[in-house]
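Notes follow once the structure below has been shown.
Letters A, B, C, D and E mark the chains as written, and numbering starts fresh at 1 in each.
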Amino acid sequence: MAAKPKEFVVWAEKYRPTKIKDIIDQEHVVNRVKAFLKDRNLPHMLFAGPPGTGKTTLALVIARELYGPQWRSNVLSLNASDERGIDVIRGKIKDFARTKPIGDVPFKLIILDEADAMTAEAQQALRRTMEDFAAITRFILICNYSSKIIEPIQSRCAVFRFKALPEKFQKEFINRIVKGEGLEITEDGIKALLDIAEGDLRKVANLLQAAAAMTKKIDANIVYDVASQAKPKEVEEMLNLAMKGNFLKAREKLHKMLLIEGLAGQDVIKQIYKQSLKLDIPEDKKVELIHLIGEYDFRISEGGDALIQLTSLLAHFALIAKKK
Amino acid sequence: MTWIRKYAPKSLKEYVNQKEAVAKFLAWIKNWKPGKKPLLFYGPPGVGKTALVYAYAHENNLAVIELNASDTRNYSTIRKVIGSSMKGATLFKKGKIFLIDEIDGLAPRYDAGAVNELLKIVKESRYPIVFIANDPYSPKLRHLRENCELVAFKKLSVYDVERRLKQILDAEGIKADKQVLRAIANRNAGDLRGAINDLEVVARGKKEITVKDLDVLGYREREENIFNTLKIIFKTKSPIAAKLSIMNIDKDPDEVFWWIEENVSNEYEKLEEIAKAYDALSIADIFRRRIMKRQNWRLMVYYTDMMTIGVALAKKEMYRKFTRYKPPSVLRTLGMLKYTREKEKQELKDLAEYLRCSTKKVKTEFLPFLKLIYKDRFKDK
Amino acid sequence: MAAKPKEFVVWAEKYRPTKIKDIIDQEHVVNRVKAFLKDRNLPHMLFAGPPGTGKTTLALVIARELYGPQWRSNVLSLNASDERGIDVIRGKIKDFARTKPIGDVPFKLIILDEADAMTAEAQQALRRTMEDFAAITRFILICNYSSKIIEPIQSRCAVFRFKALPEKFQKEFINRIVKGEGLEITEDGIKALLDIAEGDLRKVANLLQAAAAMTKKIDANIVYDVASQAKPKEVEEMLNLAMKGNFLKAREKLHKMLLIEGLAGQDVIKQIYKQSLKLDIPEDKKVELIHLIGEYDFRISEGGDALIQLTSLLAHFALIAKKK
Amino acid sequence: MAAKPKEFVVWAEKYRPTKIKDIIDQEHVVNRVKAFLKDRNLPHMLFAGPPGTGKTTLALVIARELYGPQWRSNVLSLNASDERGIDVIRGKIKDFARTKPIGDVPFKLIILDEADAMTAEAQQALRRTMEDFAAITRFILICNYSSKIIEPIQSRCAVFRFKALPEKFQKEFINRIVKGEGLEITEDGIKALLDIAEGDLRKVANLLQAAAAMTKKIDANIVYDVASQAKPKEVEEMLNLAMKGNFLKAREKLHKMLLIEGLAGQDVIKQIYKQSLKLDIPEDKKVELIHLIGEYDFRISEGGDALIQLTSLLAHFALIAKKK
Amino acid sequence: MAAKPKEFVVWAEKYRPTKIKDIIDQEHVVNRVKAFLKDRNLPHMLFAGPPGTGKTTLALVIARELYGPQWRSNVLSLNASDERGIDVIRGKIKDFARTKPIGDVPFKLIILDEADAMTAEAQQALRRTMEDFAAITRFILICNYSSKIIEPIQSRCAVFRFKALPEKFQKEFINRIVKGEGLEITEDGIKALLDIAEGDLRKVANLLQAAAAMTKKIDANIVYDVASQAKPKEVEEMLNLAMKGNFLKAREKLHKMLLIEGLAGQDVIKQIYKQSLKLDIPEDKKVELIHLIGEYDFRISEGGDALIQLTSLLAHFALIAKKK
């Protein structure tokens, strides 16, 4: 038998901070957490915010800071890819909470990722579980939108809001990986990453890893390719063609994107949306266009034929441009 | 003891109306012998289906062995309860009658195999069996239905209900306005049990009851409410007023919707306004469907806003007239047809099998001709 | 409705051929089928074509020719438009396929009528079912539109296309019934039948039977008379009321059709569409009407309540008629 | 081991009235109930009305008033987070209904919260239990709309309708908590609470508690923050910008809300809806707006891209303002 | 019992290449794969691209090249649209991975087709499964749009993008089959195939097979017939009639297509779309038309009645043409 195949390391894990001082941004949150850690007493906590802004990271950091090296035996971490029928959760939590915490912290920690993916019913049951085990456990619930967590849970938690990361910190993170992996990246490559990741550091790491699998020299083209996203430049050109009345040429470009490059209609329309904001046309026309984009975005998401629908959208662009 | 128990009929003499059903039942039970088709009583709630069996049993000293929806009714429990008591005789009674109540309440998951087991028992039973359902055309009852003789129970008349209420009050020694009894009877629309329950809420422990005592039922409030709501919607031009008009109403929005629909063309006179109001209703309806289909309750506000604000703002000027608002004909018709519908569906299915096509095709491609060819059969249409 | 099917004799059923030699026309199809029958080996088959062209008939004939008198125990016949839910279909097929075929043909036959009424999802499941039971069953799928059958199914079937019948063969069928029932028919009576039935033999049989219920001597007048009696005139009346501005009466008629007679909203709007084409109004108003019908048809297909949507449509009709 | 962590008290429970005289509003219902209590005789009751109007509170108050301190042994209370499937109805509930009451009240009490969430089947299974054990058990069923309760059950109950609470009473409740907890609250803070809670007292209590965890001085900003809701003022400004033709500025505001503050698209659109009724535009245009907002709300909840859809909605606002 | 029924050979299978050198086009992909094969070490792979461009074919070729003749015992091939439910998938994978690979390759291969048909949840579970069995299996995931695959999976895979095949290669494939099966095909027959198949080789093979079942001499008419597609010429004529104001005649043609020929609405509108691009009318009118087509395509895809909706579209065409 041949050698064991190489282990595959996911960069999003590899570059995840493990100490509280390494956490990027989110100062207002981190400061409150530090205060709790000093007391060695935590309330239940609810971390809410966009993806890739460090919520899970902070939760794991808290675990490490609280329990030190044996943190794993004091922490139960569940996420959406685990079974989360409430029965399972309850069973696991029960089993986990039954044994005493190891070390001097009087409670164990349960981290529940993507809590807003749970149905309201499951959350109701979770609330009950939180109460039943309140004396010996603390929960950190992680979600994108706290408004999707039922109130009885919210009112039992200290709520922390994570904000999208400013570009400055995203670039910092990109550079950390680029150096760590011995890559090269162009300015527009960075821009492309920021454009697609929209403040999500996990996405940044994933995209970089996928791009690096193709080449060590990363530029915008490769980033858009591995992300399977429409290239801003091509979309811009297409829109300009349509606006200048060269509808047929515009349509050809569209055909290419959809049929030859195989992009998904939804990804193309997202880029159209972004580009149309930047178009050099009178404000009122822009308004009309954007109004339309919403309509077409919906049609495509409902299953309309992407080619016909996007062509129709281009037709609108042409029409609106012509109307004086 | 609650009045509904206390005044349950002990004999056919005390039993209210349902003359046809009673006659059918008597003819059946007096000549009953093993192997005879069992009866299936059906009809709306509170009209005496269960009561008839108990009244007869009481009068004739029979034991009633009952299974209802509050019992688990899978094949093994049925076998246990019915099967075992089928063998033994009773100690104190002259005989037995089996009553399988609320048979349309069979829960497929929990009552697995019920119908098959019952059919088996029907064949071997040494005692008469009566089944009871509100809706005998529930698809899960098909096989049972085909093996039973159906007995229809009708809604009781206001007069019937009123008379029975009077008897109860007399027995309790309570005096009452005539209007009170009429109101209770009306409110329960042919449902005697509901009426007796209401009467008990109103009258228990009193010496005399008047119309004012009905407040406790929320009776007047409920009826006035919808008319007020309609008045606001049709007369106001303020969106807020229209929106708030349904805040405290005792009807769910779907019902209010049809009340509004019924009265649009009753209040508005200009075609422009009617068309505009229907636009709003049409959109409200789309929202309603989305709510139902996706269980997306967020959309509730748009549904209710479109049907209130949308209809209110459809008019150009307020009509300075008195409109007598009518209850929704759609709901009334649907209520009336509830049972016959299922029956027709079944007949369609049978035809579809014979003609080897779908029921839809039977309806569109064959029925119009069949109606011409077999005129007599379709005379009732 | 009032009666049980046993009490009806329907000529369309009575004159349905039971032997392959009696099948009218569709030569190209029948020849291929004969070849299969000779081998006693069938592929899965897909019969596509307009209504009344003999698809179901041929399927049943195949069943009889294959299995002889015990054909019923070897054939399962389902209608997809009634048996919604693939689970039901699957369940029945499973039960049916479990027992061995009776006789010397090594497989059983499943005839699935109106297969194009199934959703794409259900068809996917059907495909799998076809595979699972491939060794011991053959399917004949019947539909109007083969393009509504997903490709993976089509490519597993021998596809047979049925065409509307030429006049010659329709006449043959008419004569067969006329003789069988001891009727008389005039030349123009035949012409009228052909005119109305548009190649649909089922319609021919129904028309004849309805006409014969009036008189044994059939001419054009009677045929047209019967056809117009069988045609739902209510829609026409309803439209006329609406166009005359009598909205309330129109609404009443609509209630009757939908609630009492239990017609489907989609069928009624289709009728409205056909009738409105015939209305004696200026072309541009007609276009406006059709546009409206399109809009409301869409709303109904979105799941809108047919009653409310059609009432709204009527209100608009009344309004348009009034506007000069 | 360190000290046992502090017990966490939920204000919604702490401030729930326990005596009938403390019940806020709902006079018409309370008076009738008082009469029943005086007689120590209840009918089966069905409480219907919007959430947070005190239905459950009243049911529990009745329990306490009837049975005094040992109320728990005479009352079975089940809510949506408990199993209430048909097996529970036939098992647990029937068993409880069957046993005799303890003490001098001749019946026990079963409270079923959110009874309209029970399947029709489960309700079917309940009806005879209600009747057969009526002598020793009374039911209080709680629901939003009584019409969702099957008729046979309704005909066994006295129906009570709860109304939405007038602001006056909600403020009273706020003040009770504010005083009880030693908080301060601004006028606009109260308004914000009323705006979000929409008459639901439980929500009021939860929100106050969450806000108090941040600061003892509560104002509108904090309330909206903890509720993770769009601030009415900001949304109003955004809409005004769009309506005045400054679309780009409006869009910037939207971006901020969605991307920086991380609000959910659905929460933003909810606030847009609320504001739109107050906009200074002709009343009949408002119907159009409501329709539009509903449409976009639907699109977002169907998975449409929140950013694109909301921008499109803003564009629509701009267009509507311009027409005219 | 009679002989085992003859196997029905599907040409799409018969002409599927089995060796890497026979793969048509997709050079950039094939080269990377060859490199992996030389090392006998594969990463997980994600094949993305339009249907019929050789993704499954390449996956099977890889299997054969890796394992040689016993490839079947080392490869598990699942189709996500069959095996819905991650539990099923997981179960099968577990069973499959439990046994050691036969031969000298240290891992087994799992091919998961139509992976983008899996829900995000199922994909999450799949991710975990991929991790759990990483040491002893490799996955090839196949999908149309890689953007519909969740990122955590993408970042674990080497992503390969398949492009639509240029006409040259499609023709090559057509010729291969035509020769192999002893057919004749006209120039316009080939064009029709290309028109309908849109670069999908599987479709090409299926269409040819279906056409060959009718006649050995294949031309455009037959191709459109078996594909049940609207004929470009007829659609063109219909549009011209509408544009010339002869709405009624146009409508007749439409009726014929839908009712007599039994074409599906979506297929007709697609052809209308294609033809309207070629219409000889001013650009701005064309744009308007296409806009309309988008609207009606959406309605039909949502379930609108094809006849009504398309007639309404024609009516609009007539209107637009008339407007000067």
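Definition applied: a residue touches a chain if its C-beta (ideal position, glycine included) is under 8 Å from a C-beta of that chain, and two chains touch if they have at least 3 such contacts.
A quick note: this is a predicted structure, and the numbers were derived from the prediction, not measured.
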Steps needed, at minimum, to go from chain C to chain D via contacts: 2
Shared interface numbering between chain D and chain A [over half = same, under half = different]: different
Averaged-CA centre spacing for the pair chain E and chain B, given as whole angstrom: 53
Distance between the centres, which are taken as Cα means, of chain E and chain A, whole angstrom: 31
Computed distance of Cα centres, chain C from chain B, in Å: 36
Touching two or more other chains - residue numbers and ranges from chain C: 302
Shared interface positions of chain B, touching two or more other chains: 290
Chain-level touch network, classified as line, ring, star, complete or other: ring
Neighbour-by-neighbour ring order, given that chain B leads and chain D comes next: B, D, A, E, C
Complex contact set, residues of chain A against chain D: 40-41, 43-44, 48-50, 104-107, 121, 124-125, 127-128, 134-135, 144-148, 151-152, 154-156, 158-159, 161-164, 198-199, 266, 269-270, 273, 277, 283-284, 286-295, 297-298, 301-302
Residues on chain A engaged by chain E in the complex (per definition of touch): 1-6, 8, 10-12, 80-82, 202-203, 205-206, 209-210, 213, 225-229, 245, 247-248, 251, 259-264, 266-267, 296, 299, 302-305, 307-309, 311-313, 315-316, 318-319, 322
In the complex, chain B residues that touch chain C: 261, 265, 271-272, 274-275, 277-279, 281-282, 285-286, 288-290, 293, 329-330, 333-334, 337, 341, 344, 347-361, 363-375, 377-381
In the complex with chain D, residue positions of chain B that touch it: 1-2, 4-5, 44-46, 68-72, 101-102, 104-105, 107, 110, 134, 188, 191, 193-194, 197-198, 200-201, 204-205, 215-218, 221-222, 237-240, 243, 247-248, 250-252, 254-255, 280, 283, 287, 290, 294, 296, 298-299, 301-303, 305-306, 309-310, 313
